[in-house]
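Chain naming follows the written order as A, B, C and D, and within any one chain the residues start at number 1.
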Amino acid sequence: MISVGIIGGSGYTGKYLVQFCNNHPNIESISIYGHSTAGKTICQVFPELLNQVKDSIIMNSKDISFEHDVYFIALPHGEALNFVPGLIEKNKIVIDLGGDYRLDDKHEYAKWYKTNHSSPELLSNKTYGLADFYDSSFYQSSLIANPGCYPTASLLGLLPLTKRFYNKIISASTSAYSGTSGAGKSANADLSLSEMDGNVRAYNINAHRHQPEIEQTLHKFGFASPYSFTTHLLPACTGIYATTTVFLDSDMSKESIQELYTEQYAGSSFVRIRNTPPNLRWVINTNFCDINVNVNKNTIVITSAIDNLIKGASGQAVQNLNKIFNWEESAGLLKGAMNVSVY
Amino acid sequence: MISVGIIGGSGYTGKYLVQFCNNHPNIESISIYGHSTAGKTICQVFPELLNQVKDSIIMNSKDISFEHDVYFIALPHGEALNFVPGLIEKNKIVIDLGGDYRLDDKHEYAKWYKTNHSSPELLSNKTYGLADFYDSSFYQSSLIANPGCYPTASLLGLLPLTKRFYNKIISASTSAYSGTSGAGKSANADLSLSEMDGNVRAYNINAHRHQPEIEQTLHKFGFASPYSFTTHLLPACTGIYATTTVFLDSDMSKESIQELYTEQYAGSSFVRIRNTPPNLRWVINTNFCDINVNVNKNTIVITSAIDNLIKGASGQAVQNLNKIFNWEESAGLLKGAMNVSVY
Amino acid sequence: MISVGIIGGSGYTGKYLVQFCNNHPNIESISIYGHSTAGKTICQVFPELLNQVKDSIIMNSKDISFEHDVYFIALPHGEALNFVPGLIEKNKIVIDLGGDYRLDDKHEYAKWYKTNHSSPELLSNKTYGLADFYDSSFYQSSLIANPGCYPTASLLGLLPLTKRFYNKIISASTSAYSGTSGAGKSANADLSLSEMDGNVRAYNINAHRHQPEIEQTLHKFGFASPYSFTTHLLPACTGIYATTTVFLDSDMSKESIQELYTEQYAGSSFVRIRNTPPNLRWVINTNFCDINVNVNKNTIVITSAIDNLIKGASGQAVQNLNKIFNWEESAGLLKGAMNVSVY
Amino acid sequence: MISVGIIGGSGYTGKYLVQFCNNHPNIESISIYGHSTAGKTICQVFPELLNQVKDSIIMNSKDISFEHDVYFIALPHGEALNFVPGLIEKNKIVIDLGGDYRLDDKHEYAKWYKTNHSSPELLSNKTYGLADFYDSSFYQSSLIANPGCYPTASLLGLLPLTKRFYNKIISASTSAYSGTSGAGKSANADLSLSEMDGNVRAYNINAHRHQPEIEQTLHKFGFASPYSFTTHLLPACTGIYATTTVFLDSDMSKESIQELYTEQYAGSSFVRIRNTPPNLRWVINTNFCDINVNVNKNTIVITSAIDNLIKGASGQAVQNLNKIFNWEESAGLLKGAMNVSVY
């Protein structure tokens, strides 16, 4: 039994972490740290959790203690830099749900995050926790950089093909759509229902921070072709739907490609290979990533769907915790995240 | 450990029953019976349940066996009449989620359901399973009529006031809004997203079958004043929001009225009395009913919110099962239905 | 041909006013005044209007001129008080879309708007512009208080019955639902799509400023019974759906009641009496109010639907302009507002 | 002044045609022909049109007359084949909104539409009416094949680049999302709000009939590179958002590419080149196509947005009518379609 601290527990990802940790058989105590919400209880911040989680007062993240075994950090990028080095020094396990430790190279970080990294030495020593792709032996560091929501959906879809055929790829491009909850609980007129209902818009074209994160991992598997990544907002609260188009230099058989995927994920309890393009709602409220691969001669279209707040954030974070401790990979997750909604 | 049969397992309510029963510590075997879906597996009908429930083939409801201890019936009204008498005769416990056994009087049934009742003797011997209002001692019959979704929200909101002040009520009216899933999985152009997105419409005004069901229970607690019940469709999939306005013949104090509600539901694990009007989303994916009571002199406005498919159907059905067997009231429900969605 | 000034032209209601005025055959010049948006052009504020309206720079409302014949004021309550007296003194026609001049009594204003009225003498001299209910002879003042969105839907539905049977009404209550655009273009996390998608919530129960506005008009027609008014937010951008339940002291025939409504609105080009409850979408993007009256003995249920931003604000404002000048009542409106959307 | 017949006037596209034709200064009479709706009036089929269009009885398409000058055909593919040859023989102008005459080659038609074409000689003599791309001189035939909704958005976005740089394109792919109204007024459980709210799904991957239609036109401008086209359903009623990614064999300057687009559409009243990715809602209820081009070295991302039922169907059809008669291109459209909605 372990004790966990959740730093930044009052956002959407924090809300899920609180529920999963409450539901986890190996977690005996949970402390939640916030800033603007410090002093309130978690059920005052999330009234829907009343009678569902053990209520507790949110502490001020300034007064963080080192009593916990594991720390989840769910903060806007830049802010994790203030907590991670100290926690690592105290030999704590840190799972950072933000972007500060995902890139390996400090220059790339400076380029995409518009600021210098204050603990660059940790960039090369962290584990990039793409939980359904790497086995436990990959988890060598006590600092886990939890992948971004878009990279999780995009990489789980594209990596099996890349591993095997990286040198045959002419080009690849991902068009991804996200629910508005990806922007967090923000007071932003552009994200109001009045503006977003029935609306769609592309954003950060050729400029999204998740692009270098995706490319960094693709390159580790030999990918060296043109790649483009375009993000859009959906008129929906939750979920990511990623469509990746790959052109190869020769035709492929449907069977051979699909076999790549079934083999890759044979041991994964949270990736479901589908015979038809997934419905986004199949994965909402769950930690699953549903993937379909369509092959037409030398054109491969991969569709992958996840819940951006679970598989794309808190669910994968808890899955990473389970991998580190060699617990059942679904501990705290499956029942808690069972899809009991027509959503 | 018991064995259950689910008759009509391929609709929305069936989908939830399958998940709750899979998640239930005291249920060891589940058989699902369908009609048009017979021969398929439950995960072929509900792809989202893959890896979440034990998959099994849906049997033909014509070939129903009597091997189970408990039968849940989730069929369109009229059809339960073909199953219930035989099951009761075989001393089975039957929980009917449809409307066929909710009314006590066969003439009322004939008037509202436009057909004669073929087993009227059972109408007076069933238990009307409004689970959060009645304690286990109320469950005397092996036939449980599971309340309708609208009556569940409306009665839990209005009964505490009625019990105490029925003779002071000048009039009461309920305006209720439901998500489209209340109409079931139907191929109906009027329920398409193209027609219902951004839309609202009232329907069955002064003619909804749930009205006599509500009034029948109100009358048991002395209510004899004018009552009106109006239903509307929401541009949303799930949930019911019921607003009941009551005029009394004298002014009341806010404290005295709210005390009525906190006392009534002190022992109920699934009713949450709120200090503000509930958000519908607080209860989506859960078995909770959230209630707020607003008092202004002699005007009382009660708002109550439920998930129409859980508290309004399958969740309450499993809660009723738990009451019959004196199991923990949340067995199978709370974790399974924990709200791990920003929905 | 007249010249108009629009004060507060950069909100949702302003957006519609700009389009209707651009589309109006008798308006030759339009000046738009704003505060935070001053200096931008209207198409910078509303990119969707590009190539649809004559673009122009938004002037600072501090620098308002008196060159125009008519002034529309679309400001948050309280702010109109700074403009109206001066404009009236200069013999301008003023149509105020806000709430500052709707109530007749300064004490009621102080009670509901939590501030003293700085030009109370105008309260008793304004015209309450419920355009579809009053004919041109009613428009005696140069100050038009444009009705609120909820009062427009509620009063058009309830007034015909009240006029004829006020002394037979036991009680009446209105349950009204509004799209989120009623809250304006606001940066408010509670109104984000992430929070409101699939959500409903009642608000300001027994405390909404539109309640005294409705009751003030009802009382003018003899209404003296208990009345309650409850407002809710819909998971939709646009529209108001009002359901009013009335209990009478004796039974009525369906025909006699419906005749009341067809007679009342025989001359109105924008009220459509329906044989079934209206769909909210039938009126979206239009200046129509659709009304259905359902009679069951002594219970009357009236459903009325409007577009909150057109009939409930800018459309009615232009309709009021047309009445003042005895222009065709639909001038600027009908084509412009024709419903060319499946919305 | 002309007379028009609308064959298939009771679907969504028919609804718009009726309104545009009613609003058209050069159309003096309109006859509507339907099948299942024959005998009803247009306002019985579309109650929202009451008082907005001249109501008239829908005639049976079996009893079609040849009295009209122009015929719009809005039928499911295959059915237009029964009307077009006879109308052309009678020297009528025919604007077919369906897919039957869009492809030039009968073998391609047979391959994609799974049936042989019964009037293949017309395929090579029709005009493909991509209204914003071709000038009036292009309209040589009395048979206009109105482009599909996806091809309209995709081609308007990709053609300017193709015309100039077809021989530098390494690959191109379009990921397009459509509102559910693209499927028409259909009774289909998969398109119910209960299933589609909050949902997304790709469909017909590498198998959509609009793909050969797009490629046929691209090839006319020299395009010979790999191209992929993937379609998805949005949780929204209306609109198409198309994102096209192009990789070139050398880097380009942002200015040079954007100049291509501003020059191409300088004379077009309905294409708006944007400096940022468009919001889908900017074009809803309008005949506009909004386009943004993003350039990053050799990667070009083009986003284009249209209303699938107006620019993607009925609006472009009326625009094509105006081009044939050399009327103002916006006749009947602009006011009627002005975006008076926050949608």
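Heads up, the rule we're going with is that contacts are C-beta pairs under 8 Å (C-beta built on N, C-alpha and C of every residue); 3 or more make two chains touch, one makes a residue touch a chain.
Computed from a prediction, not measured in an experiment: that's the story for all the values here.
Colleague: B-C or A-B: which has the larger count of contacting C-beta pairs?
Modeller: Between A-B and B-C, contacts are more numerous in B-C.
Colleague: For subunit C, which other chain has the most distant CA centre?
Modeller: A
Colleague: With centres defined as the mean C-alpha position, give me the subunit A-subunit B separation in Å.
Modeller: 37
Colleague: Taking the mean of the CA coordinates per chain, how far is subunit A from subunit C in Å?
Modeller: 46
Colleague: Report the inter-chain centroid distance for subunit B and subunit C in whole angstrom, where each centroid is the mean of the CA atoms.
Modeller: Each chain's C-alpha centroid was found; their separation is 38 Å.
Colleague: Any chance you could list the residues of subunit A touching two or more other chains?
Modeller: 12, 179, 181, 194-195, 197-198, 235-238, 279, 281, 284, 342-343
Colleague: If you look only at subunit C, which of its residues touch subunit D in the complex?
Modeller: 12, 15-16, 19-20, 23, 47-52, 181, 197-198, 237-238, 269, 272, 274, 279, 281-286, 288, 309-310, 334-343
Colleague: Subunit D touches which residues of subunit A in the complex?
Modeller: 170-171, 173, 175, 177, 179, 194-195, 197-203, 205-206, 226, 228, 230, 232, 234-239, 241, 243, 245, 247, 277-281, 284, 292, 294, 296, 298-299, 301, 303, 305, 342-343
Colleague: Within their complex, state which residues of subunit B touch subunit D.
Modeller: 12, 179-181, 183, 185-189, 191-198, 235-237, 343
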